[in-house]
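In the part that follows, the structures are each spelled out as C-alpha cells.
Both of the next two complexes hold chain A, though its partner changes from chain B to chain C.
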Partner chain A sequence: MQQNRLVWLWFTPVLLLLGAVYIVPVLDVARLSFSDATLLRPVTAYGLQSYRDMLGGDSLGTILNTTAVFTLLNVLGLQLVGMGIALLLIRGENRRLRGMSVLRIIVLAAWVIPGVANGLIWQMLFSEAPFGAINSTLRLIGLPGVAWLSDPTNAMMSAVIANIWQGSAFSMIVFYAARRAIDPVLYEAASVDGATPAAQFVFITLPQMRGALLVNTVLVTIQTLNTFDTILALTGGGPGRATEVLSLNIFNTVFYGFDLGGGSALAMLLLAISMALTLIYLSILMRRGART
Partner chain B sequence: MTPIRPNRLALSVAALMLAAPTAVLSQDLITRDRVGPEDAPNVMTFRLTAYDLYSTDPATRETFEALFTTFILANPGWRLETQLATDNIGQEQARMLEQVGAGRGPDCAMIDSSALGLFKSAGVLQPMNAYFTQDQIDDMFPFVRDAVSDADGNVLAWWWFTSLQVLYRDTALVPDAPQTWAEVQDAALVTVAAGREGILFNGGRWEGTTFDWLPNFWAQGGEIVDAEGRPVFNQGDNREKLLAAINYYKGLVDSGAAPARVTTIVNYDEFSAAAAAGTAGMFIGGNWQYGQLRSTLAPEDFANWELSELPGPTPDQRATGTGGWTIGAFSDDPEKVRLCAQIVWDIYAIDGNAFQGLLPTSAAIYDQFDAYDGPEYDAFAAALVNGVSRPDAAIYPEISNQFQIMLGQVLSGAATPEAALDAAAAAVDAAFARL
Partner chain C sequence: MTGRAGDIATYIAAIALTALFVMPLAWLVSLALRTPQEVYLGAARFIPQQPTLENFRLILSDRAFGLYLFNSVKLCALGALGAVVIATPAAYAVSRFRFRGSNTLMIGILAVQMISPLVVIIPLYRYMDRLGLLENHGSVIALYMAIGVPLSLWLIKTGFDTIPLALEEAAAIDGCGRFEILLRITLPLAAPALASAFILNMIMGWSQFLIPFILLTRDGQLPISVAIFNFAGSTSASTTQVLAAACLVAVVPALLSFLALQRLIVRAIMAGAVKG
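Then we have the complex of A and B:
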C-alpha cells in the first residue's frame, strides 16, 4: 500500500507537466467553444451558439465528407505502402541485399520533411504548367498531361499521394519492428509444409502483426485527421472546397473569419471524432488481445 | 514631438559616404535578426517582409543595408530586433493581430493594405501624426489618406507604396491592348491557337485571387460592403454585377482562353515564369512585375511585353485594385512610434521606393526621381485614376476567403455561379453575425 502511494508521488511531476502542456490548452479550447470570442475582441457571452452555428452551417457536411474520404484513403494507403516497404526491407535484409540501409534512409528522409515543404515539393511536381515536372515527363513519352490539382477529384488524390509519400515511413517503422519480432521458426515450419509466400503472409504475418496493425491504424488515423499543413501548401483546400478537411477549416475559421469561438467548436468536433475512433480501435484491440 | 523633416540632400550625401564602408560596417550592425549594435540599451522590434533588407537579390539587400545602417547610426543607443514575416499574407497578418492582442506583437510592423482595416477596427495602432508634417500628410493620394486615417483624422499607419493590377501581353501575338472582356477572350484564343496558354490569372485559394478579380466587379460600380461595413455584394444590383464578373472568368476557362490550371495559381511568380518560358500570351499581374520581367527576360523578348489597364465589360467601365504595404506602430512608447515613423520615411517611402521602382503614395515623390520617368509609369498613373482599394472592413478577409472558394468551385465546374455565390454570401453573413 505504502509502495503504491510512492508510485503516485513519483508520477506527480509527469502528471503536472502533461496537465500543463496538454490538458490545460484542451480545456481552454473547450471553454472558448462555448463563447463568442473572436480574434478582434474578448469573450462577451457564453452559450451554445457556436455549436448551433457549426451544425447549422451549409459547409460542414461537405467538409466532413472531404475529411472522411481523405482520412480513409490515407489510412489505407499508409498501411499498404508502409507494410510493403517494411516487407521489402525484411526480404532484402534476409537475402543480404545491398542498399537496404539506403532505402530505409530514403523513406525516413521523407518523414522528416516538414508538411509545408512536402506540400510545396508536390505542388511543383504536380504543376499543370507546360513546364510542370510530372506532366512534362508524361508528354515526353507521348501521354497527355493530367489535371492533378485543378480537377476537384484529382486534387483529392494528389493530396492523398503527397501525404502518403511523407507519412508511410512511420507505418514502415511500426511494421518493420513488428515483423522482426515474429519468430522465424513459424516461417521455417510453414516452408517445410510447402506454404507459398502468399499463404505465409496471410496465415502467419498478418495474424502475428494484428496488434501492430491496430495500433498503427489508431495513430495514423489521428495523424491524418490533424493533417492540414501539407494540404495548405499544396492546394490551400481548393479548388473550391475540394480538399478542405476539417483541420484546415478550423484554421480558416479562426484566421480568416477571426471566429475563435466557432473555430474552437470545430476543434472540439475534431477531438470528439479522434477520440471516438480511438475508442473503437482500442475496444477492438482489447477484444482481440483478450482472445489471443 | 517635432515632426521628422528629413533633409534629403543630407541623407543622400550620408548614404553615399556610407556606401563604401557600409559593406564592412553592416556586417556588424546587420544580422538576420538585428539592426544595430548588439549591446544597444534600447530595443524596438520590427516585423518586415523579405523583399528588401533580407531580399535574395544582392543589389536590393545592399541598398537597404545601407539605408538601415544610416538610420541606426542616426539613432544611437537603439537596435532593431527584426522579425521576418512569412509570405502568406492573410495568415501572417491574422497571426500578428492575435499576437498584438495578446501583448506579444512587434513594436512596429509592415501591415498589408488589405489587412489595415482589420488592425484599425481592432484599435491596436498608435497615431503617427506627430511625426509627419501636415504637408507630408496632405501630399498622400486621397484614397490612401482615407485608408490610413481614422474618423478623428489620426494617421494610424503610413501606406508607403501602392500597387495595382494591369494586363500584360506579348505584343508579338496580341499587338493591341484589349479594352473589353470580350476582346480579352478573343485575344487569348489567338494566343492559344499559336500554341500558348491564352491568359493566366490567380484562381487558387489565396488573397491574390480575390484581389485580382474584384476590379471586374468594381468596374461595374459594384460594392462589397456598405458604409457600415456590412456585406452587400449579394444584394440588389450588386448580385447581377458580381455574377457578370464571375461569368467573365468562367467564360475564359470554358472557352479555353484560360487554362483550367488557373484554379491552382497562388503566386504571381507563375506568370513571370510562364513569360520567361514563352508559354503564356497574356496575364493579369501586378505593376511590380514589369521590373521583374525586365530583369528576367532576354532584352529582345522583354521588348515584346507591354502592359495596359485592366479591361472592363465596356471600354468605359474600368477599375484596378490598389494594394501595397503600410507600416504601423503597435507600441505605446512614443519613442518607438517616432522610430517607426522614421523608418517609414527615411528608408521606405522615398529611397526604398525609388530603388525598387515601387509606386509611392505621395505625388511629389514621382517628380524627384528619374526612376519614375519610364513609359510604364504613365500607364500606371492612368490606371491609378480608376484605382479602388479594398474595403476598410473587418469582414473583408472572410469575404476574400469565400470569394476564393466561390471562384474555385465555378471555374472547376463544381458549382454554378449562382449556387456558389449564394453559398459564399450565406457563409459571409454568418461570419459577420459572429464578428
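Then we have the complex of A and C:
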C-alpha cells in the first residue's frame, strides 16, 4: 500500500498531457461557443448568438439528418458485416477448415488503411469516368452505369459502403472475442436437443452476446460520429451537401468559413452527443461489472 | 446445416467475402500499373496488356514523396513512443497500487478517447498559433501522444497485470528498490504489451489526417496522409494512374507492417476491445 499522495506522482505525465490536450481545450471550446470569435479575430463579445444562429439557421436540420442517416447505416452495416465474418471464422475454426485466416487478415488489412486513402480508393471504384471500376464492369456486361457519386442518395450509400469496407474489422474482433467466450457446452446441449443452427443463433449466440452488442453499438456510433476522413476524400460532403455530416460541417465552418464561434457551438453539440453515448457505455459496463 | 454441405457453404461465403474485400485494393494495383491509354479502357483491362512501373517511378523519384514518407514515420514513431513512455508509469500504478479513486481515474482517462480530436483542435490551433508552435513537428507529436495515451495505458496495464507479484517480491527481498525492480524485472517482462501498444499507436498515427492537416501547411513537413489528399486535389482524370500509385505508396508501409505483426496486433486489439 502506497501513500495516497505519492501515488499521484505516477500519473503526473498522463494528467498533464491529457489536461493540456483535452480538458483545457474542451473548456475553451465551451467558452468560444458563447463568443463571436473568428479564426482571424479574437473575442470581442460574448452571447448566445452562435447558438441562436445554429438553431435558427436552416442548415442544422439537414446536417443532423445526414449525420443520423450516415451513422445509423454505418452502425447497422459495420456490425452486420462484422458479426457475419466473425461467425464465419468461428465456424471455420470449429470445423478446422484451412485457409479461413486469409479472410480475417484481409478484413483487418482494410482497417489499417488511412481514411483519406480509403476515400481516394473508393473514388476510383465509384468513379463515373471510364476508369471507374464498378461502372466500367457494368458496361462490360451490358448494364447501364450508376451515378454513384453525383446523385445525392447514391453518394450517401457510396460513402457508407466505403466506410463499412474499411471499418468492419473492429466489430469483427469484438464479436469474435465475445463468441469465443461462450461456453461450448451450451451449443452441445442444444444440438443434442435437436436445435437447428438458426435456433442456436437466436437462442444462444444472440442472448449471450447481448453485452458485446450493446457495448460495440455505442463504440461504433461514437467512432462513426467523430470521423470524416473518408467522406472528405470521397465526396467532400457533396454533391451539394448530401454527405456533409456534423463533423465535416464543423471542420468546414471553422477552417474554411473561419467562423470560430459558430464552429465551437457545433463542436459542443458533437461533444454533447459523444458524452451522452459515453455515459450509456459506462452504465452498461458498470451493470455488467456488478453482475459478474 | 452440418458436415460437408455446411463446410462448402462456409468456404463459398468466405471466398466471396475475401473477394469483396480484396477487390478495391486489386483495382488500385491495376490502375497503378497502367499507361494513361489503358486507364481509359476501365475494367476491360483489369490486367493491363502493357503493364508499366512508370507511375511508381514518377512518385518515388519525386524527392517530396520520400520526405512525406519520412515525415510520417517520424511523427508516428515519436508519437507512439511518447505515448508508451507517458502511459507506462500510470499503468504500473493502476496495476500495482490500491488507492482510492483508482477506478474512477482509469475510467476518466479512457473516456477521454470519446472526445473527437476535431473538438479540441479548434482551441489548440489558436494556442499554437499564439505560441508560434504551428508548422512544428513537436506539436503534432504531442497530440499524437495524447491520442495514444488512453489505449496504451489500458494495454500496458493489462500486460502488468499478468506479471506475478511474487517475482517482484522476490527481488524486493534480495534488496532491490522499487525503481530497480520496475526497470530490471517488470518492464522487460511487460515487453510484449509495450510493443503492442507502440505498434497500435503507430498504425493509428499513420491514419491521422486532421491534426497534421490543420497544424502543418509547409509542404516539406507534411506526412503522407495529408500529402496524398493534397495531391488528389491537384490531379485530374488524366493522371488517375499516378494517384493510384501514390495511394499504394501511402498504404503499403502500413499494410506490410500490419502483415508482419498481425498476431501481436490482433491480440492487442482484442485486449483493447474487450475491456468491458
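Keep in mind that, in the parts below, the second predicted complex is superposed on the first by the 255 of 292 C-alpha atoms of A that agree within 3 Å, B and C clash if a C-alpha of one lies under 4 Å from a C-alpha of the other, contacts with A are read in each partner's own complex, and residues count from 1 in each chain.
Keep this in mind: contacts are C-beta pairs under 8 Å (C-beta built on N, C-alpha and C of every residue); 3 or more make two chains touch, one makes a residue touch a chain.
This structure is a prediction, so every number in the text was calculated from the model and none was measured.
The superposition on chain A brings chain B into a clash with chain C. In the superposed model, A:131 makes contact with both chain B and chain C.
Contacts of A:147 after superposition: chain B is touched, whereas chain C is not reached. Within the superposed three-chain model, A:278 lies in touch with chain C and out of touch with chain B [touch as defined at top]. After overlaying the two complexes on the shared chain, residue contacts for A:237 are found with chain B alone; chain C is out of touch.
More residues of chain A are in touch with C than with the other of chain B and chain C.
Contacts of A:40 after superposition on the shared chain: chain B is touched, whereas chain C is not. In the superposition on chain A, contact is made by A:255 with both chain B and chain C.
In the superposition on chain A, contact of A:197 is made with chain C only, not with chain B. Applying the stated contact rule after C-alpha superposition, one finds that A:60 touches neither chain B nor chain C. In the three-chain superposition model, chain A touches both chain B and chain C at residues 39, 127, 129-131, 254-255.
Across the interface of their complex, chain B is touched by residues 36, 38-40, 49, 53, 57-59, 127-131, 147, 149-152, 235-242, 244, 252, 254-259, 261-262 of chain A.
Contact residues on chain B toward chain A in their complex (touch as defined above): 90-91, 94-95, 97-98, 101, 118, 121-122, 197, 203-206, 259-264, 266, 270, 273-274, 277, 279, 394, 397-398, 400-401, 404-406, 408-412, 414-415, 420, 423, 426-427, 430-431, 434-435. By the touch criterion stated above, chain A contacts chain C in their complex at residues 1-2, 4, 7, 10-11, 13-14, 17-18, 20-22, 24-26, 28-29, 32, 39, 84-85, 88, 91-92, 95, 97, 99-100, 102-110, 112-117, 120-125, 127, 129-133, 135-137, 139-140, 165, 170, 173-174, 176-178, 197, 211-212, 215, 222, 225-226, 228-229, 232-233, 247, 250-251, 254-255, 260, 263-264, 267, 270-271, 274-275, 277-278, 281-282, 284-285, 288.
Contact residues on chain C toward chain A in their complex (touch as defined above): 1-2, 6-7, 10-11, 13-14, 17-18, 20-25, 27-28, 31, 39-44, 85-87, 89-90, 92-93, 97-100, 105, 107, 109, 111-112, 114-127, 142-143, 145-146, 149-150, 153, 203, 206-210, 214, 225-226, 228-229, 232, 237, 240, 243-244, 247, 250-251, 254-255, 258-259, 262, 265-266, 269-270, 273-274, 276.
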